[in-house]
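Note that chain A is present in both complexes that follow, paired respectively with chain B and with chain C.
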Partner chain A sequence: MTNDRDKLRELLLDVFLLSPDEFRFDLTREEIDTWDSLGVVSLAVGIHETFGYHMSPQEATSLRGIADVMTLLSSKGFDVGQSG
Partner chain B sequence: MAASVPILIERHQPSDLAALDEAWSDSSTFAFLPEKSGVAEEWIRSSVDALPDDLRRDHFALLTSGSTGRPKLVIGNKRRAEALAGLLHEVQNSEPVTMTIAALPLTYCYSFVNQWLWARRMKRRLVPTRGFAHPDEFRDALRAANAAMLCLVRVQLPLFHDVFGDETFPGVIRVHFAGGTFPQAQLGEVRQRFPSAEIFNNYGCAEAMPRLTVRRAEEGATAGDIGLPLPGIELRTPESGELQFRSPYRAVAWFDDDGLHRIEDDQWIGTGDLGGIGDRGHWRLTGRASEVFKRYGEKVSLPALLETVQTSWRGAAAFYRERDPNGEEGHVLVVAPRASDADIRSILQAFRSTHPRAQWPLRIETAGALPMLPNGKIDITALPTLDGKYVSWRQRL
Partner chain C sequence: MARAVEVWPLDRVRELDRRSTIVWASPSVAAMIHDTFPFTPWILGQPLPENARTLIAAGGGTLIDEAKRFVHDDAPQLRLIAIPSIWGSGAEAAPVVVLNRGAGKEIRMDDAYLPHARAVWPELAATIPRERALEACGDAWAHALEGFLSPLASPGVRDDAAEIMRGMLEAGVGNDARWFELSSRAAAMQARSSVGLIHGIAHTLEPAMNAAVWGHARLCATYMRPVFVYDRRAEKVPALLREHDLSADAITGAAESLFDAGHYRQSLPALESAWPSVLRDRCTRTNAVLVRQTDLQFFLDFA
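Here is the complex of A and B:
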């Protein structure tokens, strides 16, 4: 059974077109070339579709990297683990 | 009452060529049409019968539907077309060519002028084949080729690999591409397949009957580079950005659903393509007028995106337009035959490395085959409702 951490990883690979080789949970927004304004929208929609959580625009635009996504999801009760 | 205009149907029989030769020699105007055109016979008959007196002699009519699916019967003048065939002979350095192998229907304006009429005028042999519809026959012709010319469209390229494997055909010394985007990204493959061939990008349209520019493959680096206009042909792009031409070889009129449209000598004719002049006087295409649009402020050129797809995908591919959930213009990529997950990832990586996200497709759909029009082009209008396709990737918006 896929856990929340794996689901998040798959979502991020798909939304940002990252290759498995380059993926890390501590990647920052600056390190992901496809994390642009439409990427933020895509991530927010993906989080809603995958976890059922509707991010506010403020939450979506304030994310500085994957660690922040994990912190946000953890605070909502999802077991996505730590970024390190 | 004027005599009825003869209509010749291409049935892929040996008698086709004799009938065509006879019709060309006769002073009467004739129409040359595919067996299955998808166009109502009554429409064709009523159009040719409505030809005015001055077009009922020394002319010919071919059917085209471009990529729109909207039928158009284009009327050419026999002497003009012969003059163009002679000019192409010089520009394409065809003197060493002894034969031409037809792999496309001769009812296409491209193969009609570049192959059938050229062979007739230059007294060369035309080897009729039904192309990949009868691959054994086509392969036999290619194997027996001796200083041959071949006229292709890009969508045939994957079939060479699928049907003929790695076989090479050194007897072909000229390979022409027209009728769509030039396969710049696959030139290495074309050169391997035809190691003795000079390769040409031919640009034009049915109203040009059909040629406007020609360039050798090595004279440009991008698929959009169509080279220089042929002598006597003028090109321009007015503010609308649409490439227009004037040509002494052009069609003289066309019929569509609105009736007969005559083309005047000083008239600039739109090609439906967007373009402009670039380095060394070469003209460049930037897309079809209907294939370039803005999305979230980014200019999207579907031909440029198709070029990107072709760097990582050997199969067929086409886009159709669709609005996204936010109401913005967007586009969907359809690939065929079935693409693996690795194929899709490879296409996506090509998008990522070359284009901003606003230019990425809304979805990538996979199909068994793409729907084709009778003229050999992809039927874009049938893509949205194509049976059996499925979504391989989508943007979340």
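Here is the complex of A and C:
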């Protein structure tokens, strides 16, 4: 059974078109070239599809890296663990 | 809010001042246009008559977009009146300009490119070959459907899009002059929202396919059905349609009537090799549902 952390990892690979080799849970927005305005839209769509959570525009644009995505999802009760 | 393009009746176009109005018409409708409008014929590249103040551009999306660019960049003293000879692109109503430049396309977007007015000439519908008319319906449908489903669509945009799609379902697909207006409204609407995977595929595959045969409209008509089947697997898509009194089955029916299985199979090798670029396309990234790297298999299996 896939856990929330694995689901998040798979989602982020697809949202930001990353290869498994380059993925890390501590990547920042600046390190991901596809984390632009369209990336924010894709991320919001993907989070909703995968976790059923609707990010507000303010939440979506305030994220500074994958660690912030994990913090947000953890605060909503999802078991995505820590970025470190 | 985008500036609205005025909608003129054809009689108002006929009454324009003869001395200061010039007409640029595509070859397919030039004879009809020049027989009807007593204005000076002109084509891009010719010197502009000194007293010209109004340019009528009558043709397809490519011609109208070139006219929009010309007026914006080189002749801002001209008032542009657009008369589409085929529906689909909605160039006469959209602030987007798509310019064919060498192997690629240059895309610009600004309200300043909008024509001053547009006019519908219903009789031109009968001049469009049946196959091209169907493909053009696919282009217009893709604007309406993807504009409606876009994650960037506001409630007001969705209401407009839903009304346009109801009109499309009522018109059916084919040589029906109602498509001129439906297409214009769909293009103006999607400019306030975004498009999705149908356009992501079309934009990516166009340079890779034989442009003489595989234009943008054919790709939209070909991919409307598989992309809609793909999108509607997500519950939110039929739910959104239901909220707006639209039937997913009716839209699937329209997509099926535009779908050509032979065309689809012919395009698949190009889709397979271009898939990474499709995923990166800005339209794909505002699709109704997240398009995943492994989803290519869905489209290969769809054949």
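In this section, the second predicted complex is superposed on the first by the 84 of 84 C-alpha atoms of A that agree within 3 Å, B and C clash if a C-alpha of one lies under 4 Å from a C-alpha of the other, contacts with A are read in each partner's own complex, and residues count from 1 in each chain.
Convention: a contact is a pair of C-beta atoms (placed from the backbone, for glycine too) under 8 Å apart; a residue touches a chain by one contact, two chains touch by 3 or more.
Quick caveat, the model's predicted, so the values are computed rather than measured.
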Fit or clash - chain C, chain B, common chain A: clash
- prompt: Looking at the overlay, what does A:Ser74 touch: chain B (first), chain C (second), both, or neither?
  reply: neither
Message: By the touch definition at the top of the document, which applies to A:Val41: first (chain B), second (chain C), both, or neither?
response: both
- request: Give one of first, second, both or neither to describe whether A:Ser83 is in contact with chain B, with chain C, with both, or with none.
  value: neither
Message: On the A-aligned overlay, A:Thr28 touches which partner chain: chain B = first, chain C = second, or both, or neither?
response: neither
- prompt: Taking the options 24-32, 168-176 or 258-266, which segment of chain C carries the C-alpha atoms that clash with chain B in the overlay?
  reply: 258-266
Task: List the residues of chain A that touch chain B in one complex and chain C in the other.
output: 14-15, 17, 34, 38-39, 41-42, 45-46, 49
Message: Under the definition above, what is the set of chain A residues touching chain C in their complex?
response: 11, 13-15, 17, 34, 38-39, 41-42, 44-46, 48-49
Task: Going by the contact rule at the top, pick out the chain A residues touching chain B in the complex.
output: 14-15, 17, 19, 33-34, 36, 38-39, 41-43, 45-46, 49
Chain A contact footprint on chain C (complex, rising order): 151-152, 234, 236, 276, 279-280, 282, 285-293
- line: Within the complex, chain A is touched by chain B residues 296, 345, 348-349, 351-352, 356-358, 393, 395-397
